[in-house]
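Note sheet for the following structure.
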Amino acid sequence: DQPMALFGGMNVLESRDLAMRVAEAYAEATTALDIPWVFKASFDKANRSSLHSFRGPGLDEGLKIFQEIKDTYDCPIITDVHEPYQAAPVAEVADIIQLPAFLARQTDLVVAMARTGAIINIKKPQFVAPQEMKHILHKCEEAGNDKLILCERGSCFGYNNLVVDMLGFGIMKQFGYPLFFDVTHALQMPGGRADSAGGRRQQVGELARAGISQGIAGLFLEAHPDPDNAKCDGPCALRLDRLQPFLEQMRTLDNTVKALPAFDNH
Amino acid sequence: DQPMALFGGMNVLESRDLAMRVAEAYAEATTALDIPWVFKASFDKANRSSLHSFRGPGLDEGLKIFQEIKDTYDCPIITDVHEPYQAAPVAEVADIIQLPAFLARQTDLVVAMARTGAIINIKKPQFVAPQEMKHILHKCEEAGNDKLILCERGSCFGYNNLVVDMLGFGIMKQFGYPLFFDVTHALQMPGGRADSAGGRRQQVGELARAGISQGIAGLFLEAHPDPDNAKCDGPCALRLDRLQPFLEQMRTLDNTVKALPAFDNH
Amino acid sequence: DQPMALFGGMNVLESRDLAMRVAEAYAEATTALDIPWVFKASFDKANRSSLHSFRGPGLDEGLKIFQEIKDTYDCPIITDVHEPYQAAPVAEVADIIQLPAFLARQTDLVVAMARTGAIINIKKPQFVAPQEMKHILHKCEEAGNDKLILCERGSCFGYNNLVVDMLGFGIMKQFGYPLFFDVTHALQMPGGRADSAGGRRQQVGELARAGISQGIAGLFLEAHPDPDNAKCDGPCALRLDRLQPFLEQMRTLDNTVKALPAFDNH
Amino acid sequence: DQPMALFGGMNVLESRDLAMRVAEAYAEATTALDIPWVFKASFDKANRSSLHSFRGPGLDEGLKIFQEIKDTYDCPIITDVHEPYQAAPVAEVADIIQLPAFLARQTDLVVAMARTGAIINIKKPQFVAPQEMKHILHKCEEAGNDKLILCERGSCFGYNNLVVDMLGFGIMKQFGYPLFFDVTHALQMPGGRADSAGGRRQQVGELARAGISQGIAGLFLEAHPDPDNAKCDGPCALRLDRLQPFLEQMRTLDNTVKALPAFDNH
């Protein structure tokens, strides 16, 4: 039960300058609060609702930005990969490579990622039960990689809505791997806007507190200096200027939760 | 943001002696921890899965037991009513009368309960969205009673399962009434056993922590000295000998949560 | 596999005159098509969203209207009861008494209804799995009544939506009782309007066809001459002037379905 | 409203000989019944639950088998692609290329498939509402391909279960493209077995009838001579020796449905 870590950053690398600005804010806040931090951003949004939605700078340009952030802020990097060929080059820069939720069962991608030897962050698909995540973990293990992290991000609940099943945290913790909570994506309302997902960012503090109350390894969080004009998932983003008070709260709560004695009611 | 209160007791009044024993345990634990406590039990389980399931002592005998508990432990009483004629006599003994989830939209029952002037605890039906609870609140107000409490107890999630939508707490808090969380019923797996509901009592601590993390008015909790042999909802019950450590944890967490500064991310 | 029957009428007895007009339309259409018909209406809507919603004429006045319809059109009557005391007087006029979905597990109501000896139409609650209906059937049998009918009307699907699980028909048919399909209530969108349920009446033909395709005992259907101004559930109602073409389609489809040879794929 | 077509075949190309045997059975049945038929099989199962599950013969060997079937039975071919590089070579043999449900929003795959000029069969993801399918259709159109087919295959309903929302057919038909129904995958129970999906193949006739009742362009169907020993999705497969009676029923029902006059209840 170590203190919470943070996979924190922005949704997509909108530009080198914005990425640096966001990374700087995270660096300051996490240094002040002594929270282990991994910078997160996507170089490509590979499954936007519309063909004309912003996708990002792409692999080559994205890796350059990651390298600059890594050098400047001395932080590890996490980013998501979408096709097998991306795994190896991404793992040369990123310390943690992420398996997207919709792709979490694509065998070739899993195998390519496992072979890099990098840590893999597995997003739980919105259509998979917590107990079924053992199969995806097992696939990675069979492919020779057991440096795995699980990440909750909500489950389908009717149409255009996600719900986070709090009982799923306890079930997934039993698999023995670190469990993170992607609070900003769990705020999505899929199809909630004309051509992209809506969100409930005003409730980010509430939902994050629920996740932290389960004694998890850490949070996955996306922030933006101007959510209303973000190029992707602004409706779910934390306001960047709220980052430090947000993290302070979570850290306070995390300390309390992890100091609680074990409790058994079998 | 006052400290958490407790609606604590047992599922059904299995016997006068067992009820006294359970009440004593709650009295001791809540006195030790300085938690405001209301004794909860049902005098009748009116919607068991089977005709032959145990229902309880009935109205007259039940009210006698409640009066004895009230006199002995100097605590208020909460219990549920199922038909309009029960509201008035129950409200003579009980301080809070509860509107069951399945019956929460039965107009005659709502009106009869409202007219007693007692505080009403409204269980959110498993088939109603958080934002729709305003209609049930409004019905009570129109019937002349605004001493209302809302109580979350989970939502239908496919067949034979409930999920607690953490975002619902924040939505319902905006109605301006105290919000409780019935953690033990939220652990039910409806139809999970041959002729009654199953449950996940081993996760009671986890789910209760999630509720407390939302800064709520209090918990609704059922305990039993021998859950495996309880006459109703044993699969969801807290072990009575775990009551004090359970409440200690919740109180510690509640103190932390309510000391957090307000947080806005609109 | 007898030809389909019809529980057909209107949602609530808005007035004696309107009820007679609706009954006449059903009488004509079902006579023309040779469809066995039971007139359906409610004398009281006991769980409207608002206290000020129209509830109906009440028990005494309602039974008078039912008797007049019965005498005039020589048809059996089906109506719903909400409290145990209503069962006996209602069963003196109604041939089939209906157990409402939200109340389907209220033991006292089930027992009071069973004791009348009338046929009971059991609405499947939106929160109960098809296979769990055996418990409610068993309760009625234990109470001494096996003249039972099951009626599908949709399942909770996220918030504010219902879905009809087509696989549930086959599961419930195995219980050996006639299975009806309440197509108009299955079109509801609970909480879809400010203070009442919304609906999808433009899809009534599509959803009815799906139900009929399962080889069921019959349809449950509500119509109204002016759905936009109906006092309850107009968003789900069939236009009364569409009754005959609607029933013609269903009957044609029902004939085809029931002429199909048995099919086994175990 | 043309008569139903059939995308019919087997789940995965278990072997050349078995594929020929299955194709022959479909050829005979569809010739006898005059049903337009496209042979369906997968050359690779790219997202099996386990790394050690059978995946199929792969692209090159698979295309050879498809060509032989095409030459022998003079039928068009439909198969699914999983990565952008596969689209062009597959489209040289296959007449219809299929976008898998989990991958339906992967922009690069959509674009690669659209550029082949082949007809695209879009499986509706289990996590997408019917009305949201317009975005995926629009993506294909923007990529220059409007030879599109939509295919329903069920929606997430809690954990480990799918439900087919019958109202979704009418919604999707309004997009103006042919709508198919993948009845065998809709029978899946995801995660229902230790390391693969379970199924409800004994209900294939019931669920197919429901789909056909909606007046759709056709069925998508997988059969196997020995479902208990099929290498993938046997729990959902039609028994191959039941193919002709199954199709006869569907065709009879389809004829009846499509002869019904238009019906409007707005």
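A, B, C and D label the chains in the order they appear, each numbered from 1.
The working rule: a residue touches a chain if its C-beta (ideal position, glycine included) is under 8 Å from a C-beta of that chain, and two chains touch if they have at least 3 such contacts.
Model, not experiment: these values are computed from the prediction.
*Asks:* If you tally the C-beta contacts, which comes out ahead, B-D or A-D?
*Replies:* Between A-D and B-D, contacts are more numerous in A-D.
*Asks:* For the homomeric pair chain B and chain C, should the interface be classed as same or different, according to whether the shared residue numbers exceed half of all numbers used?
*Replies:* Answer same: the two copies use largely identical residue numbers here.
*Asks:* What whole-number Å value describes the gap between the mean CA coordinates of chain A and chain B?
*Replies:* A distance of 36 Å separates the two centres.
*Asks:* Taking the mean of the C-alpha atoms as each chain's centre, how many Å separate chain A from chain D?
*Replies:* Comparing mean C-alpha positions, chain D is 33 Å from chain A.
*Asks:* Measuring centre to centre with CA averages, how many angstrom lie between chain B and chain D?
*Replies:* A distance of 48 Å separates the two centres.
*Asks:* Residue numbers in chain D touching 2 or more other chains?
*Replies:* 155, 157, 159-160
*Asks:* Enumerate the contact residues on chain D facing chain C in the complex.
*Replies:* Touching chain C: residues 155, 157, 163-167, 169-170, 200-207, 209-210, 212-214, 238-239, 242, 245-246, 249, 252-253, 256-257, 260-261, 263-266 of chain D.
*Asks:* Where on chain A does chain D make contact in their complex?
*Replies:* Touching chain D: residues 46-52, 55, 82-84, 102-103, 105-108, 110-111, 125-129, 131-132, 135, 138-139, 142-143, 155-156, 159-160, 190-191, 195 of chain A.
*Asks:* Chain C touches which residues of chain A in the complex?
*Replies:* Per the stated touch rule, the residues are 157-161.
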